[in-house]
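Across the two complexes that follow, chain A remains constant while its partner is chain B and subsequently chain C.
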Partner chain A sequence: MKEGFRQSMAWLHTWSGLLVGWLLFLVFSAGTAAYFRDEITLWMKPELHAAAHASVPQTAALGHAQALLAQRAANANRWFITMPSEREPAVRASWMPAKKKDGAESKPRGRRRFESAELDPVTGAELSAPRATRGGDFFYRLHFDLHYMSPLWARWMVGIAAMFMLVAILSGIVTHKRIFKDFFTFRPAKGQRSWLDAHNVTAVLALPYHLMITFTGIVTLMFLYMPWGVQALYPSQDKFFTDLNNALPADAKPARQPAPLAPLAPMLAQASAAWEGAPVGRVTVNFPGDANATVLISRQSGRAIGYDQPTMLFNGVSGRPLSSSGAPGAATETRSVLYGLHIARFSNPLLRGLFFLSGLAGCAMVATGLLLWAVKERQKHAKALARGERHVGLRLVDGLNIGAIAGVPIAMAAFFWANRLLPATMPERPDAEIRWFFIAWGVAALIALARPSRRMWQLLLAVGGVLFALLPVLNAMTGGAHLGTAVAEGLWPVAGFDLVTLALGIALLFAARRLQRPAAVRKAPVTQVTAEAA
Partner chain B sequence: MSTWQATMAALTALAAAVAGFAALSLAVDRHWEALHGRGSDPGPLRRRLQGGGSAGLLVSLLACIALKGSAQGWVAWAGMLTAGAFVVVLMSTYAPAKVPPLAKAMAGVALVAGLLAAL
Partner chain C sequence: MADTLRSSGWAYRGGVLVRAVAAIGGGYGVSALWAAAIATWLPAPKVEAALTGTLIALVVYPCAIMWCFAARSAVRAWVGLALVAILPVCALALHGGAA
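Presenting the complex of A and B:
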């Protein structure tokens, strides 16, 4: 009975993993990159690499932003000010332009274009408008909204894949007979044995992370997957989210009587004092210049694991506090912590690095799992294959494996190259960069499917490796802060990007080189796969 | 906690995790045999390796909690364990003879860094 149970779990593990493996590899890769979303965005805006990094009191930075907004966006309905942080040195002031005169909105709510400006926090000077790019946000969105399709469909697909993943992890634990005996075991150059070892090691050593990230990933979208509780209590999801996020009601209205906006800096100081001196993350001004103006201030992330940050609401005319977010209920707090664990915005650089490492282990786990299926299947049909018979399923899986595992790094690198090679002022630039991502990936996947061979692995891994390894050079040659100056000036987000991409590129090249060796092994061992995970 | 102290606490956490896992790996037959020949057995040393290894992981946890508090400390610990275990796996695979000296050196680093962080 026990053996029967384990065998049925092995079957479940194999098929739940294989069916969604390629999608999971994309989700894991993009999600892992998204830990460094802000750093990637900064790298992709070389115009900002020279921004001052001297720290300045938040009140001063906010004063600059208010002055710019009052001049530039006096008629806007809302202002959003993102305060500088360790990860984003500039102050960002954005606003939603006022409605057209006739009151008709050109696009549905939430879809209207924001306009924004970035300021030097010290001098208040507007930074030369950086090139338009989605930056790291592209990877963040890609990992649950995919692209070129309705986000709703994408979220259902990713959610189902995540559920399969959870099943694969749990059934994998049951299937793995020697978790403790093989805890540290990796036997390279032994064919299928090595692949299984690599799969086990990357899965077991980061198991707490894999379980956490898969489960919390489903939790982040729980109101989509299980809306019934909310539907029973709230007339609309909007109203529910207003409550949940302690935001202003979406139907708040201006008084249509002009009244000057009070200085924002004293409100910021008051809020920060209430949070024991914690810095402020975001300031939202509703109806600036109107008698009904309100100011919502929220704490900067980085203090607690929870995703929801405490907020304080002020009267925008008198500057007096109106309310502050109370202690959340147990359910809200639980969701907030699970959500916060998933996106890890609380992390300092050390923790973020550990999350990134575990994410790479996750990519490697998915990749080795996919390869293992192909290796086993090839062995099962070794004789028939040697006679020259074709195995359509195996050929397809081989092609998809190469297209996904070697193709995704190429696509990511192409996205970064496009960022620097396309003209800085070209129209629709962000879409063009994204098109490069998918064109590069599409080409790689098509030739991989056409000729899924060992040479193809080698070729595509080498292409990805070269593209990644040369990114620091590209950065230096196209106006970014190159490694020398970035390290000297302590511009670690940019230097870190260059160093990590260089390391990933070298690892991919190393993998391609290992494939040359005419050993009994068909494909590359663990270090390479970790690299492919990039 | 100053930046210096935080760096030392992080170093303690990582070094103790590596030392702990290295000791635990030597208590596994396969890895002991890789060093001392087929059929050899750590004997009573096994218990001490396991005890010392577990103590290393515990020290790592304490350092993480001192560094990041009782909530984020556990998250940091999980990450440190993953990083430490990968180091031990790579060493046991490609330089098995270096695992015992690694364990001792990392235990020393953890001790010194821990003292420096506590000062």
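Presenting the complex of A and C:
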């Protein structure tokens, strides 16, 4: 281009970043939280904190689940049993209730409401039904489905933002001359230059992560964004997914002849032996009690990077194996690994912690980028602003920055507080919790837009900080396993939640305190820095 | 940056717009063509071929976008896209003719 590739890319980076920045910040925050989806869900169900954590043979836990399902859901079409893991101590049995007698199926398959029960894996006793909550799944869905809107629209918005970001990162790498030097550059308390350095450091430090997470994020929904490869070969996407997942064809039917279901435990043992002793993650029983019953057993995640887990299919009446998933093809495996990298279920706690930190770096990168725009714009119009003129665009960006960056933590904390303070048995509880997320965020964003100022930054950051830092106290006072017992009993998912929220709360309070200092900045030579702002 | 753009006038801005359309729309079209062409022609099981085409298209798209802004002129940006589209278009046409 006329001004050269570097400048045109810098221009593209600035404006595309600003336009999708607030959405990216929400997506990054929710996605980072979703790494600890199971832990968040467990924390939000304090009734389950007391479940036994002694490891039991999986066959015993499965036996308990089968007994409960046979008694409770004999007529169900399908049973799903999620085996206990280090991250989810209880064994969960869920089922899809049989169709109503009139045969009318109002919603397409898979949309009907599941019922479920959680069992203590050691004793088989049903745990007191935990409060209804979306738990960590809320953040997982928020990450790409947003909320209060059609998931399809949301996925396109998030996908377009991701593609903008991918282009920004790639062009950034190509054009960034000083990438190595910037890695070691931080000039604190220098106003705009410090924000630029912070933006560069958080971006460059976790650059491999940012590149990976953006590309793999697009891969997770690529059949929506880029359906043309599949469409060239398949009449419908359903047929393709049946092929891809090695799944039982969607049109498999029961024989309508009763036959007793064989014990599940020996099948589990056989599958686990085939996977060199790896634990089983999920057991699906199709048409239990029918002559055509089948049992699909899949390996527990955490053994390999790939998202697809090997499966074995058994005849549900004889208990004999029917088939097992063969070695996947190269492209299937590639997609599985890319998908797996994005959701990081393979990782051990340490690695997941690093993913979490990289996700936080991503939040910080987006936040500092947004702030940088406002800081630069303020300097450009410093004289006019000093004369008391109003700059509508800047004011809007300032308000949205505060509302997003300081508002999202408040919303998340409000969600957790609502989880513990709303009556445990209230109807439509999950929706009420989510409503509090958006009420808190809405209020924060509105007052931020009304009065975007340094004081407002301080106020909202402090509110978020206090709400986060007090979560361990709330946990102890509302029936959860408090830090003392959680650490003593090795209940790390709950203890970890408390410790991480405490640390985040302190960090937010620290940020609010830092802002108290009078601005001894804005002396950095403006012109020079603007030239560097690539 | 915005100032220099403004000073460059409407011709320049029009160029940016043409490039953006080329990048977002044209780039998507080209990568979609590659996805379909690879899926159709790759001698592999159907699942594998469809996946390979889709994954490659996801790499083609950002590269096409960057090309549109790197090209020396907006016209060249479109010419480049057209050149890259010839092969998959022919492949798909051949397949359609054979079928």
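As a working rule, the second predicted complex is superposed on the first by the 512 of 534 C-alpha atoms of A that agree within 3 Å, B and C clash if a C-alpha of one lies under 4 Å from a C-alpha of the other, contacts with A are read in each partner's own complex, and residues count from 1 in each chain.
Definition applied: a contact is a pair of C-beta atoms (placed from the backbone, for glycine too) under 8 Å apart; a residue touches a chain by one contact, two chains touch by 3 or more.
Worth saying up front: this structure is predicted, and the values here are computed from it rather than measured.
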{"item": "Fit or clash between chain C and chain B when superposed on chain A", "value": "fit"}
{"item": "Touched partner set for A:T334, first chain B, second chain C, both or neither", "value": "second"}
{"item": "Chain C versus chain B, contacts on chain A by residue", "value": "C"}
{"item": "Which superposed partner A:F240 touches (first chain B, second chain C, both, neither)", "value": "second"}
{"item": "Chain B versus chain C as contact partner of A:V219, first or second or both or neither", "value": "second"}
{"item": "Least C-alpha distance (whole Å) that remains between chain C and chain B when both complexes are overlaid", "value": "20"}
{"item": "Doubly contacted residues of chain A, that is, touched by chain B and again by chain C", "value": "none"}
{"item": "Parts of chain A lying in touch with chain C, wherever the complex brings them together", "value": "1-3, 5, 7-12, 14, 163, 166-167, 170-171, 174, 215, 218-219, 222-223, 226, 228-234, 240, 243-244, 329-332, 334-335, 338"}
{"item": "List of chain A residues in touch with chain B within their complex", "value": "180-181, 183-188, 201, 205-206, 208-209, 212, 304-305, 341, 346, 350-351, 354-355, 357-358, 361, 527"}
{"item": "Contact set on chain B toward chain A in their complex", "value": "10, 21, 24-25, 28-31, 68, 71-72, 75-76, 78-83, 85-86, 88-90, 92-93"}
{"item": "Contact footprint of chain A on chain C as seen in their complex", "value": "1-2, 4-5, 8, 12, 15, 19, 31-33, 35-36, 38-40, 44-55, 57-58, 61-62, 65-66, 69-70, 72"}
